[in-house]
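Provided herewith is a single structure, encoded as structure tokens, for subsequent inquiry.
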Amino acid sequence: MASNKLISLAEAVRRTSRDGMQYASGAALPIGSDAVAFGRELLRQERRDLHAIFHCNSQQLNLLAGAGAVTRAECGFTGLEVFGFANGLRRAVESGALALEDYSNLAMALRLLGGAMNWPFVPATVNIGSDLQDRSAFEPDAYPSRTKIPTVTDPFSGRPVGALSPLKPDLAAIHVTLADPLGNAIMLGTEWSRFELSRAAKRVVLVADAIVDTACMRQFPNLVRIPDIVVEAVVHWPFAAWPQSSPGMYDVDEEHMRLMNKALATEEGTAQYRRDFVDGYADLDGYLAMIGAEKRASLSATATGFLLDPYRPWILPAEVVAQLQAEGGVS
Amino acid sequence: MASNKLISLAEAVRRTSRDGMQYASGAALPIGSDAVAFGRELLRQERRDLHAIFHCNSQQLNLLAGAGAVTRAECGFTGLEVFGFANGLRRAVESGALALEDYSNLAMALRLLGGAMNWPFVPATVNIGSDLQDRSAFEPDAYPSRTKIPTVTDPFSGRPVGALSPLKPDLAAIHVTLADPLGNAIMLGTEWSRFELSRAAKRVVLVADAIVDTACMRQFPNLVRIPDIVVEAVVHWPFAAWPQSSPGMYDVDEEHMRLMNKALATEEGTAQYRRDFVDGYADLDGYLAMIGAEKRASLSATATGFLLDPYRPWILPAEVVAQLQAEGGVS
Amino acid sequence: MTLPYTRQEMMAIATGREIRDGELAIFGVGLSMLAGYFAQAHHAPNVRAMTEGGVYGATPVGGLPWGIECNRISANATSFTSGLDALGCLVASGRCDVGIIGAAQVDRFGNVNTTGIWDGEIGDHYRPPKTRLTGAGGANDIACGAKRYLIMVAHEPKRFAETVTYVSSPGYLEGGDARARHGFVGGGPSAIITTLGILRPEAATKEFVLAGWYAFSSAEEIRANTGWELKIAPDAAPIPEPSDSELAALRTVDVTGALRKG
Amino acid sequence: MTLPYTRQEMMAIATGREIRDGELAIFGVGLSMLAGYFAQAHHAPNVRAMTEGGVYGATPVGGLPWGIECNRISANATSFTSGLDALGCLVASGRCDVGIIGAAQVDRFGNVNTTGIWDGEIGDHYRPPKTRLTGAGGANDIACGAKRYLIMVAHEPKRFAETVTYVSSPGYLEGGDARARHGFVGGGPSAIITTLGILRPEAATKEFVLAGWYAFSSAEEIRANTGWELKIAPDAAPIPEPSDSELAALRTVDVTGALRKG
């Protein structure tokens, strides 16, 4: 029998994060599922000098980088899709405050797979033959780099092939649509590399939009791509990906996406954003109030809402979750 | 808009199989999901000299091997779990009629992953240092073999690591619980390596216990681990895994598992089995009658039946499937 | 000259024309997705479209998607898998017929830079760009693995460089058979489609040359906006204007008129 | 001597005692699954059990499972994934604490043969076995990757060989630190648990020596049934008989009495 792992977001960050750690998050590209709320809490608790591992940028990395909490990052895509360049990340990179090691989106997923499998390296048929292989922000003096993506010889054909370094982040905060108190998780929408990340990371915290009874997992075990045995803690945090989207739950908040990215373009704007949207709430109720009831209602009126329908009967009411969280916190 | 790919089992075998081909099947270990019915049809159409690629043995490989249709096989586990050794396969191996190249269960899955990714090789931290590496049934004179699982040097640590050869079977017949006419598939129960196989094989035929409307896939897209774009044909064949089990659909037929394996222990028994259970039916109705209504009812009374409940509303009635199959066959 | 369509729409239609029915195709966000779904709506109803994250069988609803995995394409997908599946099993593997990528900078051999703008060359010591861009994303994977790919880019001199400062996604590298050195399974870029015309690679040298111009542009204008001495293909010709049915199909896809704002 | 339990039950209980609460564990079918689920029912309620195919959170229903992915454990699982996940991400990776495997033949250094029985040595030319067995299955992956693993085997002379004919799953190979040559992340077999007693490896040589015998067996009987000159550990001792609670827990798991037939 597995145990109740529900704890508060603040407690999860306190327990699992430390300055200088390799911190992984990010999920369904810059506008989708991501544990953005976990990143806010990292800032609230003044974590610094993070080594960020994001298969691709999101508003979370944009915020952490813009706020100066990240000194190294490994990443694929670094923009915000239709919302433009990621101003916070961009500012940190251009100033030299953050060393950004570039890979492709597939390479990041492959490196997480390599970490999950505990392989010494992953064969690379991508990223080779480009400056992703030749240029290293972590070893700027090596050009062309021979250590970032070195070459191995295929023993079957005798031909050279690249070798990607596996990733095993110290901590992964993974956004999921639904989790049970034991740590079983259902993701709606593309997984991106959350499956691989959940096996590659040394510690895994789930940040779930809603908590369901374990009976839901027994009804849909093929949907439970992250089983409890790899999970250390579960955090219940509705609108955890806000202002990004969570398929089945809520749409992207276009207005806040633009406001946030505009703020992160300057130090002053970032400071103001922190005051308003990072330190501007005391707890989950405050967070939800900050987003606003009307806004939450409109975001929840998503065309993907039907995707959640099969699981709604198992969603636990807030008071039950609060009770479980109180119990989980002391275990 | 994708097209209707429903065709008959006989037509699927005619179109996609040929003597001497690399044929892959097998799914959830020796007693679970597998396209056993496809193997019966291969025998009905007298396919010979098959190079079988099974991540692990099943009654299908046992039957094909026992009937002398397989000359080479690559496989992990080669038994039948609680049903003992696989007598048909065993007889073919012991007589020297079938060269069986041994790998572990993980190695087979990794080799399919390598084929799916089109890697030149897959890093191997298993199978090395054992006779799985040193002994090759395909190259019996090489001892210790240096070509079956050769060694590469990890460029990061300088240490040696094994290299598995990727697999790209000519054809994969994949058993799934539910498919739509376009070729989207839902598997209930462990995937084993069906996901990797569906991407590694050059051609993919789905053999589904039931056909559902595509609306089912749009309701549960995260369950659709095999999308239509990798599928060439869909076959509707209830009890396709019989006498093995299909979670949510039917249990293992213990009696027939034993009868079948006993028959496959001798040439005479195999001939009799072919007469009774391979050539003993003219079509799907005949196949179902051969299993028997009472037996089908008892096997369908599985404790896993509730797993199918969410999808039952979308299962298409037999006459609709027949009509679609008639249309798909001519396209 | 006032046209019944915008330059952006012409570029999207010209790109969409490159996509053939039944192909396995991967589209990025924005323009390239509009071009792809235009093809599906117009002449390639059986195109098998996917996104980098493994969203299959979808048609966008409610306007231009905010991103390639966003709710506007999650609302009617038949399958969701993962980046490893889409970019790995289906693209890097060599299965994907065609991809569409964008570029901040593209050079004579179709190499693409989307990583950053430096003041001059980077030099032997890596240093941060003056302007950081979006990185390689999945475009590098498409450039390495897709059987062919299309580059969509606004035709401005600063974007068409003799040599890109940083190769984010490999085109034909130094030209000729340079790609073979790395064993790429993909064939390289088959066209650069711009707001002014279409460039295609010469068979042997793989240098991009002018293949066609639009009704509103000319070979001269294109050469003047290209940062290298652009050659003109022997069979270069004007590109047909959008037909009524093409324009209607494009505007069905581009419901919010994103391409008409540019 | 008539016992209130069978030798098979004693072996299953002795194996189950090796599993500690909270461990990540992988069980095969049959005896090893019964031993594992006995531990869960008795003293390790938080054991995190999985099968090779990625079935998580399950407790078998309706009797001894027919196979490790069968409906009897699919009926109440919380997660189904894949072989790549269970055997790769969780076992070969080195995360799994303990595995249980069977053996047709085991040798002095804990190497296991489940592939075949030959008449004598195989020789330099590979030839089919006289008797083909079940192959390596997932046991090789467990033997390479699990932090430690347990070997369950009926104690008969033919099964305990000086050297196995074919190494399907590596124990300590030639002994000592021979495993290090291959960089295995797993620690090797921690015990061979038989129908007569328990063998454990010496710290330095990794040779398996007699660690204990059951109430119904003896060091002499075990030595007589072992194909090599079995040493006796300095601290070798009788193994406690099943307690009432152990036997009750085992029989809850073994509802069909599979272990009482042997």
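Labels for the chains are A, B, C and D, by order of writing; each one numbers its residues from 1.
Keep in mind that, in the parts below, a contact is a pair of C-beta atoms (placed from the backbone, for glycine too) under 8 Å apart; a residue touches a chain by one contact, two chains touch by 3 or more.
As the structure is a prediction and not an experimental result, all values here were calculated from the model.
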| item | value |
| --- | --- |
| Chain pair showing more contacts of the two, B-D and A-D | B-D |
| Intercentroid distance (Cα basis), chain C paired with chain A, Å | 28 |
| Interchain centroid distance [CA atoms averaged], chain B/chain C, Å | 40 |
| Where chain A touches two or more other chains, by residue | 117-118, 125, 159, 161, 188-189, 191, 221-222, 307 |
| Contacts with 2+ other chains: residues of chain C | 74, 80-81, 88, 92, 185 |
| Pairwise touch network: line, ring, star, complete, or other | other |
| Chains grouped in pairs wherever the two touch, ordered by label | A-B, A-C, A-D, B-C, B-D |
| Contact set on chain A toward chain B in their complex | 117-123, 125, 150-157, 159, 161, 163, 165, 186-189, 191, 219-223, 306-307, 309-310 |
| Chain D partner contacts - residues on chain B that touch it in the complex | 28-32, 55-57, 75-79, 81-83, 85, 89-90, 93-96, 100, 102-107, 109-110, 113, 125-132, 135-137, 140-141, 143, 159-161, 188-196, 245, 247, 251-252, 254, 257, 302-304, 307 |
| Chain C - residues contacting chain A, complex | 29-30, 51-55, 61-62, 64-72, 74-75, 80-84, 87-88, 91-92, 115, 122, 124-141, 143-145, 166-170, 173, 179, 181-185 |
| Touching residues (chain side chain A, partner chain D) in the complex | 1-3, 116-118, 180, 182, 184, 199, 214, 217-218, 221-222, 224-230 |
| Partner chain B, residues of chain C touching it in the complex | 24, 45-46, 48, 50, 56-57, 74, 76-81, 85, 88-90, 92-94, 185 |
